[in-house]
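Paired with chain B in one complex and with chain C in the other, chain A is shared by the two complexes that follow.
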Partner chain A sequence: MNLATSRNRKPKGGLATSKRRFVTGVTLPMLLYESIGLFVLGWAFVLMFFDYSPGRVGGPILGLGGSNPFVGLGHFVEMIKGTSVQANLFRISLRNTLIFAVVILPLNLAITLPLAWLLESIGKRFRALYRTIYFLPVLTSSVGVALIWMSMYNPQSGWINAIIRAFGGTPVAWLSDPRAGFANVSVAMWAVILAYLWQDYGYNMVIFIAALQGIPQELRESALIDGANPWQAFLKISIPLIRPTILFVCVMTMLSSFQVFDIIQVMTNGDPGNQTQVLMLDIYKSAFRYQNMGWAAAESFVLFLIVMSVTVFQMRILRTDWQY
Partner chain B sequence: MNKKILTLMLVLIFVLTACGGAAPKSDEPVTLRMWVHTNNAFIAGYEPIIAAYETAHPNVDIQLENFDYELYLQTLQTAMPAGEEADILQLFGTWTAQYYERLAPVPEDVMTVEEAQKIFYAAPIGGYIVNGVLYGMPQEFNMEYGGVLVNKTKFEAAGLTYPPQWKSMDDAVADALKLVEKDASGMMTVAGFHFTAADPTWASFLAGIMQRGGDYWNADRSGFTFNTPEAKAQLQWSLDAVMSGVVDPVVFNDSTNFVIDAFFQGMVGIGYIGSWAIAEGQTNFPDFKDEWDYVYLPSVQGDPVFVADSGWGLTVSPNSKNQEVAWDFVKFITTDPANATKWNIASGTIPAMPAVAESAEIAAAEPWVPKALSTLPFGQYMGSMPDRDLVMYEIIYPHILNCLQGVETVDQALQAIDTEANSTFK
Partner chain C sequence: MASVTDPDRVHSRKPIISGKLFSRLMIFIVLTIGLSFTLLPFLMMILSSFKTNLENLRVPPTFWPEFFTLENYRAIFNDPKLPLLRFYSNSAFVAIFNMVSTLFTSSLIGYMFAKFEFPGKNLLFGWFLALMMIPTQITMIPSFLILSKLHLINSLWGLIVFSMVDAFGIFMMRQFCETLPNELLDAGRIDGASEWQIYWRIVLPQLGAPLATLGILGFMHSWNAYLWPMIVLQKIEVRTLPIILTWFNSTHTGQGALVMAATVLIIMPILIVFIFFQRWIVQGFTMSGMKG
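Moving on to the complex of A and B:
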């Protein structure tokens, strides 16, 4: 029997049957699991063309039609030029979400990358300690983080205002003053961003530390021997070499920023005056508080399109064709 | 209330209860699931009455399941389309207009619309009637208008007359001004009159419109009319009260220093909130040392006309296999005067039936209820609207708060409320 014949021959016997059973046994549950996800996505896709509310019986097929009428692209038209409260809230939420994501990403990178570089350069014993300390907020529940920051931001008893008072300053209602702002962003949004950053930065920092540790030591040593200082070695050697990691971190941070929900729901629930109302919160309220499932599905689709576009854009500009 | 009418109503209630209170025809075991939202005081009210019903009907087992408020909403919305909801559902009466397609009408042999309108106050039963059909029975009069928590200790410390003898809202504002405290930096630490949480804001706004002779419904009730002289006068009054300094709405509102939390931590002199807050405050702040009471504000002018939600009550799923027993239990708990009294006392709520509200038992256990008796008959159901929560919490309250916080003018706020609220009818 030659090699080609041997390769083309189908395996026989108990081993082959076991393999097939294993493959079937592993694949089928996964396919079933995925099909549930696909059904949910498909259902959401269908709903966005209907004015659907679960409180109404609607037509005979899945409750669509009848008192849950088909509206075609009506929800999307309303989002763009409608005057309804949902349309206004959607536009406000979209703006707030973009602000949140655009501010979070550079701030997160500006904190995590240098911090990872610093931690990577210190002794092993302290590195583990600091890494643990910085990573702890990531392990804390968002609700817990929100409650901690809420107590710090409390206008009367919070310690942030206590410090301001101690220096003779005017205390601020961090989470509830719609008039206060900085750089055209409300102070409540800044307050939420700060809390979110504090919780999130440890995650990216650990990823960056792992990436920096993966850079061959001789590359940096060569640069130092050639006269570069540590900062130049970081900028000219380390940063370019961890570009794929930066891409990954950018995409993941952007994704999580667009989907921010729990910390904002607990800290402000979108207040003051909807200044911290983000898309996920608006989708949640539309769907579950106000029962506008069709509208919420349409909003979700818009969020999906935005996230996908931003991800593709980031992948294009940060793409690398090489590996070390 | 006239004694003859009261006696007639009591007789009617007893007759209805006697007719409907019969045991289920079959002695076969019946298990009923009952869904309610998590409120410890409410649940404490349900449990002994369920036990009493089960004792009277040994073949019936009622399983009480509770959900956090937000989760309850989600559970209803997902279970109802699937037909998987419990047999008995706790429902906020005002929601009936949104859910009625998925609810079972009350069978006429259990109670007719006319009978319900006779034994319940107009406001609580109003929400349960949609297109002339009765879908459930209320357990409480959800009165958000007019009631305030007053801190006696602070009144006496400020040298104010106690109990307050307010003849007009201006009297209340004058007292409130003397209760305000600020720290050295000018931050308000004690609000004289905290009326800027969501429920008091919409309740006083709508009542103010009505008391000034206006209405927020158009003639055929197909839309709202919020941009009216009466609405403007009411909102201007609220703004003037804020400008006078009785409350800083930036640090005392629905999300920051909510009125119940703030009052029972000594940060409020007069706190505008429904009487349901009493049980919650007593439960959550057992160590609060100040003396306090619950009293009612005078009207802005004329009769104390006000609008109210149709409060919490019970209904039955059309998918229940034991609807007859389920309705029998609902009637047992909501219309039997003794059971209704027990439940209202345990939950700290105002009874939905005048006959119960006027009882000596209620007066002894809930001393704030007799004070409200002269006002309750003026309560009207707020009216069925496509989305009550959206109108109250995403339109009226945010715009009024914006106005009080200085972000919108009175005219801008009213224009926005009018436009956005009417858009909910599309």
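Moving on to the complex of A and C:
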């Protein structure tokens, strides 16, 4: 008995030690690396309370203080009721970002949900082929997407104006006409929205197809047997069943469109007349063109708050249990 | 009985069949319209790249190139200011390094979180989840300041140092490692393998599919990255492909055909590779809910 327990204990102790060693060996470097991340995060947080520019010498700690003075909540006060150029620009960017996200979401759903439903109903081989093609723009670099669409939007030689001319319409300077617009959204904004949609819809479609495939076949069949037509079955059976996925897709689409940068930076860089200036673009310009990094940090914090509240909202809703 | 139901059945079946044919036709028409909308911009890009610049400026535009020319491609390959191979290798270096490092850290850390018990484990994991939610924009400015203090501006390492650990990858790998049977690991321990050997020789080979998915996603993400490389890489020779493409566009205004040829050369090769990995990519996107 005694012998048995001691024999048992010895390898066990050795095992525990080697396991502990493994955990320490992994955790320590990881914590070290993450502490850099924490430091960066802390720096970002502190930065927004200072009028900081990397060109000035400033105080001893991270260059804060001195000629980079502490302004407290000054940046945020300025954002809300300031009259300076940058405060105005911030409010314009915030407004444009909200417009962008709010327009994108319903359009995206209106395209992706029905298409996913149709794709899901056809044969396997076709489905794979169609899905691959619809997914191509998602995999394309946004710079490429932007350049392709810029060439199509070209007021003289672009295809889009060629189609408009063919139908007898007047051509539009899509990316540079500050006057034109539709539904209170400028035409340049519509142009980037269309390009962004084109790049993005394949992604949501793939997610919807996966969700639709997860619905037990019997549910839909029984609805069809009961006399529902396929469209009714889709509306009344499929959509309610994939509601968590729809919510998830809504939130992800919102989040990524709040952070849109690449396409707009290449296509319009905020022009004409700041009509497509979005928050990320404004942050980038403030920080790296005007070297106004304290202000830019405060702006990113606002963006962070928006993103965070959308995420929390998503987690709240998705916490509900769902079952077929 | 049968005589009552039979005519009824025949009656109701007929319209269903013809309706089915009709709706199938409609489905294919709608899907094909969507398909052309997706493909036409690509087609336009490719066709334009074979036109002369003069033809590309014509109003209305020609669909098929009238004078099929390879001149644009020749000009790009002979442009001493545009050593494409160099930019390809810049992009590949960053993407491969990022991919390998995140695969290594994700699998190792994920495995540890899945199969080991230690004090503070949940706290640590919660911290990782919190990290996942912090958008990179918020850390962008101090990261840039750190890089400039370390003289890593204009260095490809600047793109690598801050992305060696990926919270999402850790999360995903933990999920997979939890499904590994403990007996498998214990068998290794009984055979005298050290914990590192168990990770390397037993755990890692089991993670093939998630590693492939995560690897391709990571590669793609890094390959297409635009904002951060643009901030870090200010000298032309060290740039990666997306920022080279915008630079090329801004230095060749009015030469649409040439720019389209450059776009083809920069996006098409990797797109073709991605098509082959498409299944894993789609799988990864579906699992992760991460946007490219």
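For the reader, a short list of remarks on this structure follows.
In this section, the second predicted complex is superposed on the first by the 285 of 324 C-alpha atoms of A that agree within 3 Å, B and C clash if a C-alpha of one lies under 4 Å from a C-alpha of the other, contacts with A are read in each partner's own complex, and residues count from 1 in each chain.
The rule is short, and it goes like this: a contact is a pair of C-beta atoms (placed from the backbone, for glycine too) under 8 Å apart; a residue touches a chain by one contact, two chains touch by 3 or more.
Being a predicted model, the structure only gives us computed values, none of them experimental.
In the superposition on chain A, A:274 contacts chain B only, with no contact to chain C. By the touch criterion defined above, A:54 lies against chain B and chain C together after alignment on the C-alpha atoms of chain A. Once the two complexes are laid over each other on the shared chain, residue contacts for A:151 go to chain C alone; chain B is not touched. Contacts of A:67 after superposition on the shared chain: chain B is touched, whereas chain C is not. Contact with chain B, but none with chain C, is seen for A:173 once the two complexes are overlaid on the shared chain. When chain A is checked against chain B and against chain C, the one touching more of its residues turns out to be C. Within the superposed three-chain model, A:76 lies out of touch with both chain B and chain C [touch as defined at top].
Legend: residue contacts after superposition of the two complexes on their common chain; A:290 is shown touching chain B, with no touch to chain C.
Of the two partner chains placed by superposition, only chain B is touched by A:89; chain C is not. Residues 54, 156, 165, 288, 293 of chain A touch chain B in one complex and chain C in the other.
Chain contact summary for the complex, chain A toward chain C: residues 15, 18-23, 25-27, 30, 33-34, 37, 40-41, 43-44, 47, 54, 62, 111, 114-115, 118-119, 121-122, 130-144, 147-149, 151-152, 154, 156-159, 162, 165-166, 198, 202-203, 206-207, 210, 230, 248, 252, 255-256, 259, 261-262, 265-266, 280, 283-284, 287-288, 293, 296-297, 300-301, 303-304, 307-308, 311. The touching residues of chain C, counted against chain A in their complex, run 23-24, 27-28, 30-31, 34-35, 37-42, 44-45, 48, 56-61, 105, 108-109, 112, 116, 118, 124, 127, 131, 133-135, 137-146, 148, 162, 164-165, 189, 194-196, 199, 220, 223-224, 226-227, 231, 241-243, 245-246, 249, 256, 259-260, 263, 266-267, 271, 274-275, 278, 281-282, 285-286, 289, 291-292.
Chain contact summary for the complex, chain B toward chain A: residues 70, 73-74, 77-78, 80-81, 98-99, 101-102, 183-187, 189, 250-251, 253-257, 267, 387, 389-390, 394-395, 398, 401-402, 405-407, 419-421, 423-424, 426. Partner chain B is touched in their complex by these residues of chain A: 53-57, 63, 67, 82-85, 88-89, 155-156, 161, 165, 169-171, 173, 175-179, 268-269, 271-274, 285, 288-291, 293.
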